[in-house]
Amino acid sequence: MSVMEKEPILEVNHLKQYFPLKKESLFSPKQTVKAVDDISFKLYPGETLSIVGESGCGKSTTGRSILRLDEPTEGEVLFNGASMTSLSKKELREMRGDIQVIFQDPYASLNPRQTIRKMLQEAMTIQNVMPKKQMEARMLELMSLVGLRPEYLERYPHEFSGGQRQRIGIARALCVNPKVIICDEAVSALDVSIQAQIINLLKRMQRDLDLTFLFISHDLSVVRHISDRVIVMYLGSIVEIADKDSLFDRPSHPYTRALLSAIPSTDEQQKKTRIILKGDVPSPINPPTGCRFHTRCPFATDLCKTDVPELRALTPTHKVACHYAETLLSSPPV
Amino acid sequence: MASKATVSPNVDLAKARQHTRRERWQSFRRVMTQNKAAMAGAIIIAAYFLIMLVAPVLAPYDPFEISLEDKLTPPSADHWMGTDDKGRDILSRILYGSRLSIGVGVASVAFGAFFGIILGLIAGYYGKWVDTIVSRLLDVMLAFPGILLALAIISALGPGLVNVTIAVGVFSIPLFARIVRGSTMEVKQLEYIDAIRTLGANDFTIIVKHIFPNVLSPIIVQGSMRLATAILSAAGLSFLGLGAQPPSPEWGAMLANGRDFLFSAPYMAIFPGMMISVLVLGFNLFGDGLRDALDPKLKK
Amino acid sequence: MEPEVVLQVKNLKTYFTTSKGTAKAVDGVDFTLHKGETLGIVGESGCGKSMTSLSLLRLIPSPPGKIVDGEILLNNKDIVTMKEDELRKVRGNQISMIFQEPMTSLNPIIPVGEQIAETVRLHQRLSRKAAWQKAVDLLELVGLPSPEKRAKQEPFQLSGGMRQRVMIAMALACTPEVLIADEPTTALDVTIQAQILELMKDLQKQIGMSIIFITHDLGVVSEVCDQVAVMYAGQVVEHRSARDLFNSPLHPYTQGLLASLPKIHENQEELQTIEGAVPSPYDYPAGCRFADRCQHARAICRAEAPVLEAVGGTESKVRCFMYTEKWETAAEEEEVLCP
Amino acid sequence: MFLFIVKRLVQIVPVILGVTLVVFLIMQMVPGDPAAILAGEGASQETIEQYREDLGLNRPVLQQYVSYVGNVFQGDLGNSLKNKQPVLDEIMLRLPITMELAFYSILITIVLGLGAGIISAVKPYSIRDVSVMVIALLGISLPSFWLGLLLMYVFSVKLHWLPVAGWDGPLNIILPAVTLGLGGAAIVARMTRSSMLDVIGQDYIRTARAKGLKEHFVIYKHALRNALIPVITVVGLQFGSLLGGTVLIESVFAINGLGRMIVDAIRTRDLPMVQGGVLVASLVFVFVNLLVDVLYRAVNKRIDLN
């Protein structure tokens, strides 16, 4: 794809996010949850890059670290080539408008004590996007953009349904003219018919406003629908990163394969080729040595137990972290 | 499309705003009328505040006037609550005393709430070492059993109604701080706080505009319950002779005085105690009702 | 040959009375469950599917909820009018239930083995020791590794997937005729969901029970169900075999629902949506409850309420005028009205 | 479990240090010259200076604090200003009386509070429940010192069933213990009930019903045990209010306990006595809370996960 030739708008290098655990006693060793453990990727202008994985894989943490909602333990985030991680708190606040976020829970993501008008006004004032006089017109424009009636500006969040709240969240993110929007499970809490409306809205916004999306989700069907490229995460690290068609048609990591096959589908043919993984996801406090997936992988060998597989390119647009990716790819799915 | 929306709806917006305001007021009224306990409490409290305001008009006698020939008369048509050992009209003293007893309670809770809320917001919002320090401080304050912290403070500052107010106020700080800290930590991790942070708001804006309004409900509930106990504590300290000094008509002090005449004139102790009890009951009822109405999860 | 009917629900109505009025959460639900089959009840949030499932065992929180009308016939005995002690013999014995949140559905301070053994002792005359052994056996049956050790643990020591296995073991303790599974995999990750679904299918084969599977996930329905009842606004709008439903949905709502689902195996430009919102359960319209969002709606749809009936001599039932004789007449009338 | 106790012991060290600091500061906050106060009224300038020298009051405050803590840990709480006797001796005389009163009161709090709470909780919104809760509401609203006087008036003055005041025999214990215990019982009862209502709404109670358990099994086996866990903490905290309450009740019933000692000492400005009394009462409370924590942990193993 041609997007790869452009300069990345957002670049993540060796990002690590460890959370210290409360100590059991004075004498026990200090434990950390390695939520994100050394990941790197690039986000190109105008594309939608998705991060998928199951709970605890670190996908949401990645989003929060990029936004510096949690200070990253290590690593660097570059926005348009400039480091965001080294900015002071004040400098960071000034550039916040460039990267915005849409959250999962439509009930927790709006301040219950603010009308929609106050919410939008405050956002625009903080980022100083325009003189006060022009805000009124802009707010009405935003409301119609996200498909809400203008008089809803005067209402409090409790009067809205989940889908409407998500639209308000989108309006709030858009009002400061961002370039990148991180969607953190932005449609996961919605019913399918509402979910479809919001997905369509997001896609339209991207097209009309020239936005770049980092789309974090656990739902592979939605990811397939909305993304250009996809990252698959497992236990804090990236196991596969590829353009969408390549990933869904030729999944090369055994975990990606299992994940894809596990999705319940209304399609008759899909049902026969199911890979059932054994056991639970191991704890991120003491992740397995070597390949983190080896404890559940049907193809694991001794090599996988000791050596960490590197994320390497199979094709220019398809990278995978598995010692046996080529062999697996040539064999039919189990 | 967008330009069309900008022209016409100004009238609609004003109407919508009005609608929202009306809606809020109605929902508040619904909460109050449906909650009989809160309503009863509110009526009691309102009655006391009214007494406080118009005490001089209501009081039939001068509360300080000593008339030894009338001493220790039981309740009668002339003296509805009788007279005390110095012949002062108990009813008049109680009416005037309302100012002291309620005033001390309200002032001390305001004092405690002010510092407690600030400490709680800071500890809850910043977490980490700030929280550790504040929490340890609160632990120490809570390590004094009951009103002993207040006693310790009074022993340093000396007896008196102002010092009682401070002492009971200090004793209230950790109670507010703990509740605010907990609620702040809960609210802090909600997504709308993250949203406003990613919009570039500074900590002060976040705490004052986004967290504080959302931890108000538990503060109000705690405030009402705390007023009840603060009034009890303050009256207790005066009862011990550490607060209001004679001839002050503070209810606790009147009770203490009445104790010495329990055999001969029990009404001297009964009426001030009753006044305290009903007031405290009012605040407890109001707090109970509010808690049920504002947050069902807070039922503790 | 028609398999035997285990459970039949007729015109079930469960209402909730609150200060805001009466919410008709379940408002005339009908469905039939045959021996050994899996019936899926699907619908979006607020359609009344969970309240239907709780009504089946009369577990509705009361007040404010109440079953106001209808019959729930288990082998021709009505659960709605049953006496308390009779009902208790049904619960956990003939009909058992698993819930959405494995995290909160187990008692946090009682070892999981004891929670299972308790059910066993309750419905079967077994000694404490035998019941415990049975609990351990059940845990092994549901694929819990080292069941003897696990039985002695408390729920917080188990993962979400394991707890759902415990719930299943508990539900199967007395080999029930009917298992009601209320969103049993919604709180789980897809790979764990796949494990649990596989387990349920296996166990059904072994034990031969019927399953009522409540879910919002059409993919899951298609995976595990033989029959499907689609719910909308407190009623069943379509009730037929899963294969037919997914191949050729009849009700406009089902059609819309399937169309709005993003497909995993193909690229689509735009997703189809269902415009509008679900009507409030406090105030349902007089006619068809979907009419306001339906692109086919005619005057009759708003004037008259459609009933759930079989379509042209098939097993498939649908609640829509489009499949009745009235539809054509309605069209003619409409043309007269607005030429 | 052993580790847990050790950990908690380590954790209370800063609390105890904090308590000693506050108690120490009482002396610093007093307006005027501490040496003059300690030397007693009307002491000559020479005596005052002598006191300053002997007690190290001319040293920096921090040093004074360190030596104060050192003394406290050696059991030296200073001497009374009134009779010049060691404060600890007086406290040892008074503390057992207060502890006895506290013991009977907490017994009443627990038995009555839990009983009433359970009666209320098993059938919420019944007449039984409402009447218990109305009484409990009164219980938290009546000032204990007034209730004490009322009880005294009825049972001692009018009915002559019980002695008016003092601490001479078992009959003397009844009124003060009941007065003190009732308030706590009201709080425990309210807490038990709301905790129970909370638990009854939980998913696992629905699970228990879905199994076909009888309702009283659901209530007593599944709900009550979970509901009582938070009540344990409340009982522990209640012990604190109760200890504070002895100050008032001992005054009402003229009992020569620790509480009355503190109040008398404040009146006579016998500061070392106040310091010692407050410190000892607080230490007792801190250790009772430690005990409660251990008990809580024993019934609720999940505590260290959160």
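Odds and ends about this structure:
Which chain is which? They are A, B, C and D, in the order written, and residues in each are numbered from 1.
Everything that follows uses one rule, which is that a residue touches a chain if its C-beta (ideal position, glycine included) is under 8 Å from a C-beta of that chain, and two chains touch if they have at least 3 such contacts.
Just so it is clear, the model here is predicted, and its values are computed rather than measured.
Contact with both subunit A and subunit D is made by B, C.
Graph distance from subunit B to subunit C, where chains that touch are one step apart, equals 2.
The chain with its Cα centre farthest from the Cα centre of subunit A is D. Averaged Cα coordinates give subunit B a centre that lies 23 Å from the centre of subunit D.
In this assembly, the C-alpha centroid of subunit C lies 54 Å from the C-alpha centroid of subunit D.
Subunit A and subunit C have CA centres that are 32 Å apart.
Work out the mean CA point of subunit A and of subunit B, and you get 47 Å between them. Shared contact sites, meaning residues of subunit A that touch two or more other chains, are absent.
For subunit C, the set of residues that touch two or more other chains is empty. Shared interface positions of subunit B, i.e. residues touching 2 or more other chains, are not present. Of all the residues in subunit B, the ones that touch subunit A in their complex are 1-2, 5-6, 9, 12-13, 15-17, 19-20, 23-24, 190-192, 194-202, 205, 209-210, 213-214. By the touch rule above, subunit D contacts subunit B in their complex via residues 14-16, 18-19, 21-23, 25-27, 29-31, 137-138, 140-146, 149-150, 152-153, 157, 191, 194-195, 197-198, 230, 239-245, 247-248, 251-252, 262-263, 265-267, 271, 274, 278, 281-282, 284-286.
Of all the residues in subunit D, the ones that touch subunit C in their complex are 201-204, 206-214, 222, 225-226, 229, 299-302, 305. Subunit B contributes residues 136-137, 139-140, 142-149, 151-159, 228, 232, 235-236, 239-242, 252, 255, 258-259, 262-263, 266, 269-270, 272-273, 276-278, 280-281, 284-285, 288, 299-300 to its touches with subunit D in the complex. Within the complex, the subunit A residues that touch subunit C are 54-55, 161, 163, 191-197, 199-200, 203, 218, 220-222, 224-226, 244-245, 248, 258-267, 270-271, 274, 276-277, 279-281.
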